[in-house]
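Following this line, the structures themselves.
Both complexes shown next keep chain A, but they swap its partner, so chain B is in the first and chain C is in the second.
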Partner chain A sequence: MKTAFKLACRNLIGAGLRTWLNVIVLSFSFVVIIWMKGIMVGWDHQAKTDMTNWEIGGGQYWHENYDPYDPFTLSESHAPVPEMFSEEITRSEMEPMLIVQGTIYPQGRMQSVAVKGINPKQKIFLLPTHKLDTVTDAVPAIIGALMARNLKLNVGNYLTLRWRDSKGTFDATDVVITEVFTSNVPAIESGQIYIPLEKLREMTMMDGEATLLTFADSEKERSPVEGWVHKPKDELTASVDEMIKTKTVGQSVFYGILLLLAMLAIFDTQVLSIFRRQKEIGTYIALGYTRREVVGLFTVEGAMHSVLAAVVSAAYGIPFLAWQAKVGWTMPMDVSEFGMAIAQTLYPIYSFGLVVSTVLIVVLTTTVVSYWPSRKIAKMNPTEALRGRIQ
Partner chain B sequence: MENNSIIRIKNLTKSFPMGKTQFTALRNINLILGKGEFTGLIGPSGSGKTTLLNIVGSLDSPTSGEAWVLDHSIGKLTAKQAAQLRKEKLGFIFQSYNLLAVHTVFENVEFPLLLLKMGASERKKMVMDALEWLGLTDKVKSKPPQLSGGECQRVAIARAMVKKPSLVLADEPTANLDAANSHHILKTMETLNRELKTTFLFATHDEKVIGYLHRKIYLLDGKVDRDERKVNSEK
Partner chain C sequence: MKTFVTTLLTVFALIGFGQPGADEILKKIDVNMSSENRIFESSMTIHGKRASRTITSRSYVVGDKQSFTEYLSPAREQGTKMLKLENQLWIYSPSTDRTIQISGHMLRQSVMGSDLSYEDMMDDRKLTETYNATVVDTEEIDGRKTWVLELKAKVDDVAYASRKLWVDTERFVPLREELYAKSGQLLKRSTMSDVVQVEGRWFPKTVVYKDMLKQGDGTEFKILDIQFNQDIPEYIFSKAALKM
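Coming up: the complex of A and B.
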């Protein structure tokens, strides 16, 4: 085996240009696959971090009737905040949020929104809720950039907000936009308007009530609470993994094609070299190799392409990948329209496992593809190989 | 005699399938070759020299009859045993040298020793010895494409001789060489035969080679035609 490696190295280096072309194609696959996978891991990480920072904190309690996908449940999904949480809330380790359905009338149009009451002094979310802590002639409100753009709203704009109180009676008031914020979480931006919690409770006559309770510490042991459903952080972020997984399927097709091209090049090289090197094959046998050992030699030789490619990839790939991890990859198109939790610039994250598994997959495929045509050698007649007469 | 023989061939026939029929390349060959012989199979092209050499070299097997080489019956060897025999006891020299083009002279000559799993320092010593015999010490780092035909064949001889095999099989070794180079390599092989007691079996129809042979076995249409020994050979 050691001899085979030695010989394979000499033969490969000796083959010159052809070897390097194969190696470059393969190394390109290495770097692109690691980079793309790194982007996906980075995206997953970014989306979860943003989700934590803007939407779910360290986990939540949902009112048992609350269904984020069905706005009609909102009228039933509110209840007084359980007594047991008051201490946590005082320490700002938990923030209640009340959500009711409402309608706004920007420029005379009608737009249905979720009105979210939030504590202006909260510390769990990155939401600029301090902007709700102002005294104005109307109710202060903050909205996400996505909605601001869609409805052509700006800071300082006044809107009429209509809602129904706990008894089902309609009421209306003016709100003023005090801030437009940008998150990478469409789920908290589109169709949502944030106003001070106490104000909303007052408007709806739902004193001391909430729809969601978000806590800061994801580690703390949580027991079930009557009327509320505990949603641990992992469960809430599972949707991100799901989304990334679906995107990865499309990517895998791309890797497949990339690898297929590289493998075609290797396969072609193997077939050609077995045909052109018959005399050499015969010579190996005359010098004391069995045919199977020659198959092994050619397989090792083909597989060595991938090992060389790994080395070459390391040479230019490590600086490239490191640079990408630092500056990130900024997508050329505006991602806020995607409706996905995606940042404009993604920072790839490469794990040891990712690199090792990619290298293993490429080396293994190359070995198989090198072995396949080499099996022909096992059926060669050595005397005919020496004459170079096999077609 | 029997103990002193290196090749014993009995009633050997070799035929190749040719379409629906068989083509008989060797017919009923009987031969005994002793240790240390410097013998040639002589005959025109197509007379079966290479076929016989390949069987003796365990690269092919007889259709019928038997061939013993160093007490191994060629037809009965497994692929592994045959490879073992070639690796340890046989050396091959080809008409077209068959050197590994991308390897240096040193690496080419070292190759059989790598197969024998010898240590690096021992390999180096043996390779340098062999290159010395062939007068190639200044070409150690050259690669075959940079060498002349005569030099290539000397490298090939060094490669065949490096492990001090019992038997060297040389198929038309001078066919691609000019007269001066032919004489040079033949003299070298004759010296090696004398000093290392290596048995040589040639296949040739080159008059220059024939002149050096101590024994000439003439093949014609796959049969032994004549078997002549040089009575007044080396003094």
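Coming up: the complex of A and C.
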């Protein structure tokens, strides 16, 4: 085996430019695959962190009728906050949120919104709710940048808000935008307006009621509560997992094409080597090598491309990947309309497992591709091979 | 002092002499405008910000509990049918060949993009049952003398906390209606015009509904042809008729 490695190294270096072209193509695959996988892991991490900070905290209790995909359920999705949570709420470890359907009229245009009542002093979300704790001539409200941009709204703008109280009677008042916040979670920005919880309760005659209860501690054991559905953090972030899974499958096609190109080059190189080095093969056999050993020799030689590529990748890939992890990758298109938790700039995260698995996949694939044409050697007639006759 | 109060009451009584009470006015409106049944063709023009579109329909109405409407144009809406029985509403769409029931909060959605909601159409409770009415003023609208009625909700499950109604003092036809939020903000205004006498009753042929918080010229509802007390076959008001 040691001789095989020595010979493989000598032959590879001897092949000159051909080897280096293969190695460069392969190393490019290495770096790109690791980078893309890193972006996916980074996105997964960022999406879940942002969702935790802006939307779901450590998990939630939903009112049993609440369905975030059906705004028509909102008027049936409210109930008094269970007594058992009052202590947690007092300690700011749980935040009730009341959601009702409303309509705003920015510049005379009609826009349906979810009106969310939130405690201005809450500490679970990064929402700038302290801006709701202000005295104005209208109801203070905060909105996301996505909605502000779509509706051309700015801080200080007044707009009319219309809603129905718990009995179904219309009411309307003016609200003033006290802050426009930017998050990477469109689910909390699009078509939503945040006002002080107590004010919304008063407006809708739903004193002490809530639609959602968000808790800070995801680790605490939670028991079922009648009329409320416990939604652990894992369940609330399952959509991110599914999205990443879908994207990863899509990316695999790209990896496949990259690897295919690199493997095509390796395969060609192997076929050419076996064709041009028949005398050498004949000599090995004449010297007492078994056919299996000769096949092994050529396979190792081919597979060595990937080892060399790994070394070359490390030379330029590590600085590149480290730089990317620092500055991130800013997507060339506006991602705010994507409708999912995604930042404009994604920061790749590379784990040891990710790098090792990528190296293993590429080395194994290269080995298989190198072995494939080498099998021909086993069928060669050594005498003919020694004479250099084409077989 | 006693004499002064008596004199004041006498003066008020004299001023109000000849003017029916608010509830009586509302009842007279009902008598004038409601019929056993009616068949009418109408057009609904929805004035949008950029363009307007007109939808025509034929409706069969019995009392205030049963109605059947078939949309005649434009081509996109042609064949769509709507059936209202008591407090239930079904819509049949020919493109999907399906009948769906509009219920719960879907009733709050706009009808064909107009300023009217299904709920506005469905509201068939008598005003005297849900509001306390008082005559607060008299005004002139387009040369017609009107009583201004203020209606305050006496039940808590009405959509509008208060309303204002301008009623023609001679014809007992409302010429304007305003709907208010609990806060007192004006939400919707309906303006009735083209009042004509059909089969002995006065009827406004044109109604413009306007969401006052929204830009635009509102939705114009025009009666093109109306007949009262016709023979309407009973099968019209069945779900089977939607697919016919």
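Keep this in mind: the second predicted complex is superposed on the first by the 390 of 391 C-alpha atoms of A that agree within 3 Å, B and C clash if a C-alpha of one lies under 4 Å from a C-alpha of the other, contacts with A are read in each partner's own complex, and residues count from 1 in each chain.
In this text, contacts are C-beta pairs under 8 Å (C-beta built on N, C-alpha and C of every residue); 3 or more make two chains touch, one makes a residue touch a chain.
None of the values given here were measured: they were computed from a predicted structure.
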item: Fit-or-clash call for chain B and chain C when the two complexes are aligned on chain A; value: fit
item: Included angle at chain A between vectors to chain C and chain B, based on C-alpha centres and rounded to the nearest 10 degrees; value: 150
item: First (chain B), second (chain C), both or neither touched by A:375; value: neither
item: Chain B versus chain C as contact partner of A:72, first or second or both or neither; value: second
item: Which superposed partner A:105 touches (first chain B, second chain C, both, neither); value: second
item: First (chain B), second (chain C), both or neither touched by A:6; value: first
item: Partner chain(s) touched by A:220 [first = chain B, second = chain C, both, neither]; value: neither
item: Which superposed partner A:167 touches (first chain B, second chain C, both, neither); value: second
item: Touching partner for A:130 - first (chain B), second (chain C), both, neither; value: neither
item: Partner chain(s) touched by A:290 [first = chain B, second = chain C, both, neither]; value: first
item: Closest approach of chain C to chain B (Cα atoms, Å); value: 74
item: Chain C contact footprint on chain A (complex, rising order); value: 72-75, 101, 103, 105, 107-110, 160, 162, 164-165, 167-173
item: List of chain C residues in touch with chain A within their complex; value: 49, 104-106, 153, 156-161, 179, 181-183, 185, 187, 211, 213-216
item: In the complex with chain A, residue positions of chain B that touch it; value: 50-51, 54, 57, 59-60, 79-80, 83-84, 86-88, 92, 94, 96, 98, 100-103, 107, 111-112, 114-117, 159
item: Contact footprint of chain B on chain A as seen in their complex; value: 3, 6-7, 10-11, 13-15, 279-280, 282-283, 285-293, 381-383, 386
